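If you scroll down you'll find the structure; I have some questions about it.
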Amino acid sequence: MATVTIDKLRKVFPTATGGHVAIDDVSFEIADRQFTSLVGPSGCGKTTLLNIVSGVECPSAGEVSIDAEGHQARIGYVFQEPRLLPWRSILDNMLYVQRTRDDATVERCRNYLELVGLRGAEDKYPAQLSGGMQQRAGIARAFSVEPDLLLMDEPFSHLDAITARSLRAHLQELWLETRKTVMFVTHDVMEAVELSDEIVVLAPGGRLHELIPVTLERPRRASDVAVARLKADILGRFEQLEQQKMVTQ
Amino acid sequence: MTTVQTHSPPTTGSPDHAIRPRRALPRWLTSPLAARLTSYVAGLLLWQLVATIFDRFPAPLEITSFLVGEVAEGHLVSNFAVTLNRFGQGMLIAVVIGVILGILIGSYRGAEAFLNDINVVGLAIPAVIWALLATMWFGFGDRAPIVTVILSAVPFVTVNVAQGVRAIDPRLGHMSAAFGVPASRRLRHLTLPAIAGYVFAAIRFAVMSGWNGILLSEWFGATSGVGWRARYWYDANRMPGFLAWVVFFIVFMLLVDRGGLGAIAKRSFRWRDGDAAGTTDIVTERV
Amino acid sequence: MSTAPTLVEEARDRSDRTRRRLRLAGLVVAGYLVAFAVWEFASSTLFNPYVLPGPVAVLGTTWELFVSGAALFHFGASIGKIALGFTFATLIGAPIGVAMGRSPYWRSFFHDPMMVAGNVPGLTYAVFGLVLFGISDVGPVVAVTLVAMPYVALNVCEGVEGVDPHLLELSAVYERPFGAVVRHVLVPSVAPFAFAAVRYGFAMAWKVGALTEVFGGASGIGFQIKHAYQEFSVTGVLAWTAVFVLAMVLIEKVVLARLEARFFSWRGDV
């Protein structure tokens, strides 16, 4: 498991016209086994932040530290698109990202595929599966490396509403069973309220706007009244934020 | 009084409005197969025309005796065998070198900076120069043709493989990096399968270049093989013999391309559901 | 409303970029140096300077060729034949391409002949150029015409097939005259493909033209290569090859690549 500490993080992208500030002095913490969502409109640096946490990109200033109880943190990543190797079977795709290739690993991969409802699809190629099934495979792949930290970048945004709802339920189940530390990026406040323990709101320009704890009981359903009420409250605050933005622009 | 507009079919029999049915050409004349056969017939007629205008240009009938003779006396098989042996060795080495260089150039900006200009020069040097140089360096025998093939083919393989590497979906690369997949596994499962189609396209172009190269190399400095046999007839001033060998050469190329390379190229893209690799049959050179 | 990047950050990004560019430029230079070193080694040690002259001798001779104007003169001769050959190839190949694009019958008819024409080894053109036309400039022009024709035909065919039928429908609905349709719809759609034919066919044409000149040319770079070969001057052969390569690379990189960018700008893709 892992704790993530983000301290005065700053990321500037060089452009022809000077520089684009993607992340502007952001600090917050994600506790062990906590499900945290990053929410904000496009251009507020959510994906960049995720890339920095995963190590794919370097910050311009500040620090990200992942404390995984002594060892190097193992990271799982779920993307907007499934990003499966199209010329390998689903099982081979799972094995591609594993550390070892022994029988125990293969068994573990099969188990995770079963958990997302893809038993029987191990030997199929990605093109033979629907979009929702491919994304489920992507989620299984991320869980199957048994990560200390799970990073998810708008994993349901490219799916139709019905499939997305079903996958969200799958994800909650999986998470409740395994209790990973999760950093979940989304532009959908509803999704964030349904899934997270804490919502980090980023504003355009990469600033941290506010941190909203979500203490509703789990398992949560979208149809719960408490969930709906909280959603409305937060949406209200977003609308205020947008009003302010329009006034000052 | 309202007039009602009616549209009715024209009365038959009237010479102004009769629709004379057009006699369609019979199917066997207009089918694709018929078109191809017609083109061969037209080609032969054109050939005969050229041979009539230029009396030093052999007519189709003139070369048939040579075609038959060479086959009957075993010259066809023996010389093709020699040339194919040399060609195969050269191509094998060229593909290995070309794939390695192509992956390096396509993956690393540094390698591209270091190697690209040399590759461009390699693409530009005509095969005849390689043939002449190889003959000077290695004399007669097998080495000169093999080296010529390698030098002619490597730049083509390199350029196409490099393009293939650049075409790999960068998001898959990003995924591999995010999961910390080691470089060797990435090469085996991501890079190589992704470029397989490009490697086959590269081989097609490399084969064209290498085949030309070996012909020239054998022309200048060999004692056996297709190029040598063509030179033999040329030196003896028997143009029909020379042209007969050109015909053998071309027919072989067409058969190989039709039969072998095209089919392999399609199969390597199997996972993409029947998307064809190259759609043009002609060599394209890319710098 | 975002805070701008600080001056320190901007300076650091700029120096990062400059450093990267310098590093790449350094590698390019290193590539050339290593290539020349290998050449020199092969020349002096592996073989011998008679069979393979070293880079200094060859480049020196190449320089002299440019300075004396000989390179430019013969380059002009060769490129003239290429241009003429491409012109004829377009005059013959474009109608064939149009026919192939518009009718499946002609497509099947011309497909194999184009393949054959594209697969005839350069040696054949070279030998017959000499045999039929003697030592003259006609052989190379005919060779280039025959080599370039399949490129033109196939590319024009693709271009014609790719004409957006909706644009044609639109033109019919608005009853545009045929001349206007040709000018504003057909030519812009086909032009990139005709250009692609030139762009990719050029390298092939340049090589075949030179080869034909080697066998039976009266002028041009290939002719000079043969001349040097007959005088047993390997240095001469390599120097004229250098002229050949430089000309080809310059034309491809400078002229054709720039034109390609202009032609394809309306497509908006890479």
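Just so it is clear, A, B and C label the chains in written order, and each chain counts residues from 1 on its own.
Note that a residue touches a chain if its C-beta (ideal position, glycine included) is under 8 Å from a C-beta of that chain, and two chains touch if they have at least 3 such contacts.
In this text, all values refer to a predicted model and were calculated from it rather than measured experimentally.
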item	value
Touching both chain A and chain B (chains)	C
Chain at maximum distance from chain C, centres defined as averaged CA atoms	A
Chain-chain pair with the highest tally of contacting C-beta pairs	B-C
Geometric centre distance via CA averages, chain B-chain A, whole Å	49
Centroid distance [mean C-alpha coordinates] between chain C and chain A, Å	50
Separation of mean Cα positions, chain C and chain B [Å, integer]	18
In the complex with chain A, residue positions of chain B that touch it	171-172, 174-181, 185, 189-190, 193-194, 271-273
Of all residues in chain A, those that touch chain C in their complex	12, 14, 18-21, 24, 60-61, 204-207, 245, 248-249
Complex contacts: residues of chain B adjacent to chain C	30, 32-33, 35-36, 38-40, 42-43, 54, 56-57, 109-110, 113-118, 120-121, 123-129, 132-133, 136-137, 208, 211-212, 215-216, 219, 227, 230, 234, 239, 242-243, 246, 249-250, 253-254, 257, 279-287
Chain B contact footprint on chain A (complex, rising order)	54-56, 75-77, 79, 81, 83, 85-88, 92, 96-97, 125, 127, 145, 151
In the complex, chain C residues that touch chain A	1-5, 9-10, 13-14, 16-17
